[in-house]
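These notes are about the structure you will find just below.
Which chain is which? They are A, B, C, D and E, in the order written, and residues in each are numbered from 1.
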Amino acid sequence: MARIGVFVCHCGENISATVDCHKVAETVGKLKHVAFSTDYKYMCSDPGQTLIKEAIKEHNLTGIVVSACSPRMHEPTFRKAAAEAGLNPFLCEMANLREHCSWVHEKNDMTTDKAIDLVRTLVEKVKINSALQPIKVPVTKTALVIGGGIAGIQSALDIANTGHKVILVERSPSIGGHMSQLSETFPTLDCSQCILTPRMVEVAQHPNITLYTYAEVEGLDGFIGNFTVKIRKKSKSLDEKICTGCGLCTTKCPQKKIPNEFEEGLGFRPAIYVPFPQAVPNKPVIDREHCTYYIKGKCKVCEVVCPTKAIRFDQPDEVIEVQIGAIVIATGFDIKRADFFPEYGFGKYKDVIDGLQFERLASASGPTSGAILRPSDGQVPKNIVFVACAGSRDPAKGIAYCSKICCMYTAKHAMLYKHKVHEGKASIFYMDIRSAGKNYEEFVRRAIEEDYVNYIRGRVSTIYERDGKLIVKGVDTLLGGQPVEIVADMVVLATAGVANHGAEELAQRLHVSYDSHKFFAEAHPKLKPVETNTAGIFLAGACQNPKDIPDSVSQASGAAVKVAALFSQNELTREPLVAFVNRTAPPLYSTCVGCFLCQSVCPYQAIEREDFKTRDGKIIKTVAKINEGLCQGCGTCVALCRSKSIDLHGYTNNQMYTEVMALLNEY
Amino acid sequence: MKIGIYPGCSLTGSARDYNESVFALAKAFDIELVQVPDWNCCGATAAHNLNKELSLSLPARILATAEKNGLDEVLVPCAACYSRLAVTQHELKMNPELKNRIGEIIGMDYRGTTKLINVIEWIDAYIIPNLEGRITKPFDYKVACYYGCLMVRPNKVLNYDRAEDPQTMDIAMEKIGAHPLYFPFKTECCGAGLSVSRTEIVAKLSGKIIEDAEHRGADTLIVACPMCHSNLDMRRPSINKYWESDFKLPVMYVTQAIGLAVGLTAKDVGLQRHFVKVNIS
Amino acid sequence: MSEFEPKVVAFVCNWCTYAGADLTGTSRIRYASNVKIIRFPCTGRIDFMLLLKSFANGADGIIVSGCHPNDCHYTSGNFHAKRRWIMFKELMDFMGIDMNRITFSWVSAAEGARWAEVVNTTVARIRELGPYVSYKQMVNTAVEEEVTND
Amino acid sequence: MINLVSRADELLESKAVQVVIGYEAGSTGKARPAFITDPSKTGSLIFDDRCVQNLAVYLTKKEVRYFGKAAIVATLPIMRSIMMLISEQQVFAENIVVLGVSAEGKYIDIAGIEVMQQYIATCDLGNPAKDQETLAMLNKMSTQQKFDFWQKELSKCIKCYACRQACPMCYCTRCAVECNQPQWIPVQSNLHGNTDWHILRAMHLAGRCISCGECGRACPVNIPCHLLTMHMADQVHNYFNVYAGTTDKMSSVMSTFEPNDKESFIQ
Amino acid sequence: METTSKTIRKHSLEKLYASLAENRKMYAPVAEADNRIGYKYNPDFSEVIFDHIQSTLSVKNVVFPRVENVIFYTNNKNDSTVTDVDLNKIPEVVLWGAHPCDTAAYDVLRSIFCWDTKDEFFAKRLEKLVVIGLACHKSDAHCFCTSVGLSPDSTKGSDILLVPLTNGDYKAEILTEKGNRILTDFSGLFEPYQDEETKLTHVEQQFDHKQVTQHLKEAFENPFWVENSLRCIGCGACAYVCPTCACFDIQDEAKGKNGKRYRSWDSCGFGLFTLHTSGHNPREVQSQRWRQRILHKFSYMPERNASLGCVGCGRCSRACPVDMNIAEQLQALQSI
């Protein structure tokens, strides 16, 4: 026989100002099976919780309804209190009298009546609640980090340093990411390569880190603590164990005119190549798309010149499966290229370049060895224009967000230019200068005040070429909307940061949600910025939204801590609010008929097949079975199941039905 | 083949040349253009600055009349008229309440079923596909296609070509053997909005367009809007005065250029009516 | 006779609309107290039979609300729910069951004011439609030979 | 039906199948299902206008399965039922042989599931014209008229579940109507219980109904309950451009979605 | 009671109907859509038909309704209040124009419901029922009353049996006290019967039910059941249209604190009919259920209730979607 306790909270006056709490407690107290009912000023306070605990013990309660604020606020509090009093926490329900009643209605009888209805509904529900036990699953203490940019590197190192194994997967031939392309970094103007390279080397040498470059994640199965990941190691056409990295092949390769990705198309590379001199690993790969041998069937110059005979033209891709317990996604971002901008010539003008191209021009290791030269004719630009917010904050272009990093790097670009071309003139068209960050504003001021960068507040309407010059037409809004026309030698667009190519496919492969811009979605914008909605998968860096280096590194370390915390336990405890398929006595075994339509509605692949067999192994029946580790408890399968064979703990058919009945009928 | 046509005031007045070339071209391609009967002013340029209901009612009446007369497709050669009609159609589609009110005002049943096409769309749909074997005299000139503002904007409403860098006219020109130039001024403002009140601004803005086209070696500008044409052509003396130069670059309607290419005479397409002499025939 | 007070049941998902309704509370936006919320983990969990049960037990109106498309906490529960609602609505329309009495909406956790608006417009609409008499009559129609004690 | 008989004979003789499910002459001039296990008895197989029952319902029946591999005489609706049953993993393609019968009553050789799929693809998969007309008539009614129409029809229901039992897609061992915790559907055959039952049935067949009309035919009190599921079939095609029973792949409309599914009623 | 025979003229029949309807509920056959016949409460006399073969549903619902409330209850804080159904609310009903098979079925039902314990709901309803039967002048291939010991003019179960006469009038056989009271109350409407010629249909006897009953004793394990029930789809149509099937289910239905317990028709043809909670089902497959149906009516009931459980109305065969023709099967069973 159920013995239910009802605890009506006044929440100071938050509830009692509009709801007659005493009447609620009194009325509900008259319900069948309600053994105890009271109201109190603050149920969540220590005395309030003590009151509940003592009532549970004294009245031997089999379920309680705390009628207070939103369960999203205090359900854990009261469930914990119930557990402390020896009551299974899932026998505690909360009626939301504050957010859903007292705060939104006038003080009158109808409001109190509604409160009574809400409490009664939960009383009837809790009567049929089941005591649930937490689910425990083992943890595989190896992490997978996807993406070898600065965020991935940082995460991998941090996790590895806690003593756990890490697999780092990078799709290009070298780790380093966009940071390795940068010349100097704001706000200190220290050389990007100089601070990054040691970290790259550390990754390569760390005993806990296994590095797979030129590799991609193909598929993911399993759940937090127990993932199985499929990694495709693309063929490098090379035996890495034998290759010494001498680089002879790269110099002899006859195919030399392939646009260099690392140089953002401002230079060329051969078909067998190392992306950049400091690459890790520093061994070449053959780009099969451009290699003469793969295209025409003959050449093999590299094989001939290789002193160690390390070239393997017939080397296949290798797909490996690895057991891991957690994942950090650090796949980074990309930028819009100039061809995205019709008003700036659709990328037709060679001297309208994007920010990353400028980084390469300014980089000492870049195609011009650090000299700022026009791509069209190699001349030093005398007059350079930077356009901030190229694409960003422009809903008409489908990018309403601020790309965050452009204000700072544009200031940096202007400074770098001025430091190299002292007599040159640098102008920046900007919408607002967003320089929140340590030493950021000072940095921008320096650009303006010490390097005389001409900041023009306004947008650029069009850029066109005339007689080899670029005419930049814009507006100066600080001069009352005065049209401005600058005849420039070179224009740098601070193009919008966007999701990396392939992000959507990867998100789908990992079953992680992503936003409308294809950036990976965090579990909560404020309180869970590092987690995804899929337990055990975390985010680091610009794959979530454009970020600068310090932010990326911070988040990477944050993600690493999340992983380390997960790995600090041998077993995981999960809330048992998961689905289950009923089991009955043989010969039925379950009312499930095995149509498996539920499999296709499950977003988590949590529905498996279970065979019932005779002793000699003949299958009698195959029915659905829920993998409790994967199920997140959405219940979409429950509503689909025609024979009502699946149900959801905490929200069972019987409970939901009872709630509807209790809400609408007299008790 | 029967298509409706809404000429508007320009085509019966200052842009008779345009009108003649449109009809001549239509005739050459066996297209019967039927005027929307009892048409009225489209409301450009004044109405939409003064009275919203008026600015919608005027075009709505034209459209309703077209509907009533079974004209499913109506060609609107004047870019300003086209813009007014298209914007009205869009606004009334988006706002059924407004649609009802305007219907009451004009006292007609307006449904919004008429398909409006501008002259380039018309050429694209009915002329270009039938060009094969019709070019008697390839238009072997360097041309700068000038689209102006009303044909492509607001892009959300018109959803026609790419607003920043339209291409259709250039492609049409290539088809008749012309050599379209890279022309960054193709959608720049000619100053039409100020063509009566602030003529010096018109001279400045229009002059820039002509100057750039001439600078790039164009033999002629190609336009599809009577307003653009009058600013670039009729106002040439004031432009030359403002710029202290002597721009001689002719300004032709797209229909005129195609007309010549398919063997129509200069007179057929009304070239003699231009202020700036056209040395192309 | 007192004025007709509609009984409206709201079936909402925990992550968006329930949280949105919490925000309505936190923002102290007033709305009609005729609506009572039942919390579900996800709109995908909502069984269409529960909607019928609500009418059968005296509800005059129903609100079903969850996360906007693409915002589902469980990625796709609301998309499945949407398909079900489409078919359910078609069936109800076909059988002459008044779908004007059910509001389907997407209300996010951030749309506190919108929740109040959804509730108020629904309650106003139901108030105008009056009690759902035909359904109640249908539910109470006894078999001819049945002996009832009322 | 020489082909049908000789093919059945051949299959049984070679022991390729253990039973042939077809039609035979029944009592009082009716045709009825026949289960032939003896090759010498295949001569009793018939096919004519009276042979309208959806035989696919027997493929999931325990006693029929007991025979082993079955050959089944199949018109278009039966073929589509078989497709659905395969896609919902109730029947395995390797356990059945389909003896196709065209709309004109001609034997068609269905060598395998792919052939059947191709054949189905060539057919008109909409509802039968007669029913489609009735649907159109009903759809024109006002809400109240529709309500009254269905209330009148459903008041006749005696809850014998012939509609369910006759339907090949209602193969559940425990129907939701028999679930009593909670008791979703009132057990009694009063108006409420009847209405709930028929809504439940139609919803459970949404995207799965293959428009055979067997439920309406089976009803002893002549409720046109097949119109409910046929309306759903119609709407499924309307909204999602899908006809049920065209593929053996699991692709139920109600267990899948497209992010851009169109609707106009969600605020 | 001694049977009295009277003649009632066609025009007097309407008066009789109207007089009876004054303070009783009339339940009479009417034509429905799709050439079907159904019974209806208080139809206008003009609607009532006299030349039907068989209604789709039987008339057992008058005494054994689809739904019979048994008790009402209210849950209080600490206990429950139970209220009985007020049986006095059961109205007086005149069943008008039912054929002899249907009226005979009341005897069969009585043998079930009042076998040892008297079912008060059934008994009260029967008590309040007056049956005015109508002998058959039409029949079809499904009728087999003569095979189960009845005939088109069998008087079993009727208070008054109307037998059509060739001249269009009716012979009224007054069979019971209830019938007699009607005769007394409305004596002016009846005339003496003068041996006018009756118009009756002929129903061919298809089997000997005694022989069937005898054979069934040995037939439990016979493969006949499986062979002849493979096509049975296990619906309840046969049981629900049957005038003698009496199985019911008992359910509680609550709304809040108030609830009721009712019984409603059930069918032994359903798979769940005999399913145990343990998962075991003694009648696991349809052949066993079909066998149960036949054995119950033709073997167990003659043994226990001293009456056949079938009146030969043929409704089950007409309703069956898969042509499970009971007469055909019984005929076959006779010779196994």
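One rule holds in what follows: a residue touches a chain if its C-beta (ideal position, glycine included) is under 8 Å from a C-beta of that chain, and two chains touch if they have at least 3 such contacts.
Note that this is a predicted model, so its numbers are computed, not measured.
The fewest steps needed to get from chain B to chain E, moving only between touching chains, is 2.
Of all chains in the assembly, those touching chain B and also chain C are A.
The interface with the greater number of C-beta contacts, when A-D is set against C-D, is C-D.
Distance from the centre of chain A peaks at E, each centre being the average of the chain's Cα atoms. A centroid comparison over C-alpha atoms places E as the chain most distant from chain B.
The central chain of the assembly on a C-alpha centroid basis is C. Work out the mean CA point of chain A and of chain C, and you get 34 Å between them. Centre-to-centre, using mean CA coordinates, chain A is 50 Å away from chain B. With centres set at the average Cα position, the gap from chain A to chain E is 71 Å.
The geometric centre of chain B is 61 Å away from that of chain D, both derived from CA atoms. Residues of chain D in contact with at least two other chains: 173-174, 184, 188-190, 254-256.
Residues of chain C found to touch two or more other chains are 48, 53, 57, 70, 76, 80, 84, 142-143, 146.
For chain A, residues touching at least two other chains, in rising order: 588, 601, 640, 653, 657, 661, 665.
By the contact rule set out at the top, the touching chain pairs are A-B, A-C, A-D, A-E, C-D, C-E, D-E.
Contacts from chain C toward chain D in the complex involve residues 48-49, 52-53, 56, 69-70, 76, 79-80, 82-99, 103-106, 118, 134, 138-143, 146. For chain E in complex with chain D, the residues that touch the partner chain are 33-34, 36, 56-57, 66-67, 141-142, 226, 229-231, 233-237, 239-241, 249, 251, 253, 262, 264-265, 267, 270-272, 284-287, 317, 319, 321-323, 325, 328. Residue ranges of chain A in contact with chain C, taken from their complex: 70-73, 96, 98-101, 103-106, 110-111, 114, 117-118, 121, 511, 513, 515-516, 533, 577, 601, 603-604, 632-636, 638-640, 648, 650-651, 653, 656-657, 659-661, 663-665. Within the complex formed with chain B, the chain A residues making contact are 342-343, 345-346, 462, 464-466, 471. Interface residues of chain D facing chain C in the complex, by the touch rule stated above, are 138-139, 141, 143-151, 155, 184, 188-192, 195-196, 199-200, 202-203, 206-207, 228, 231-232, 235-236, 239-240, 253-259, 261, 263, 265-267.
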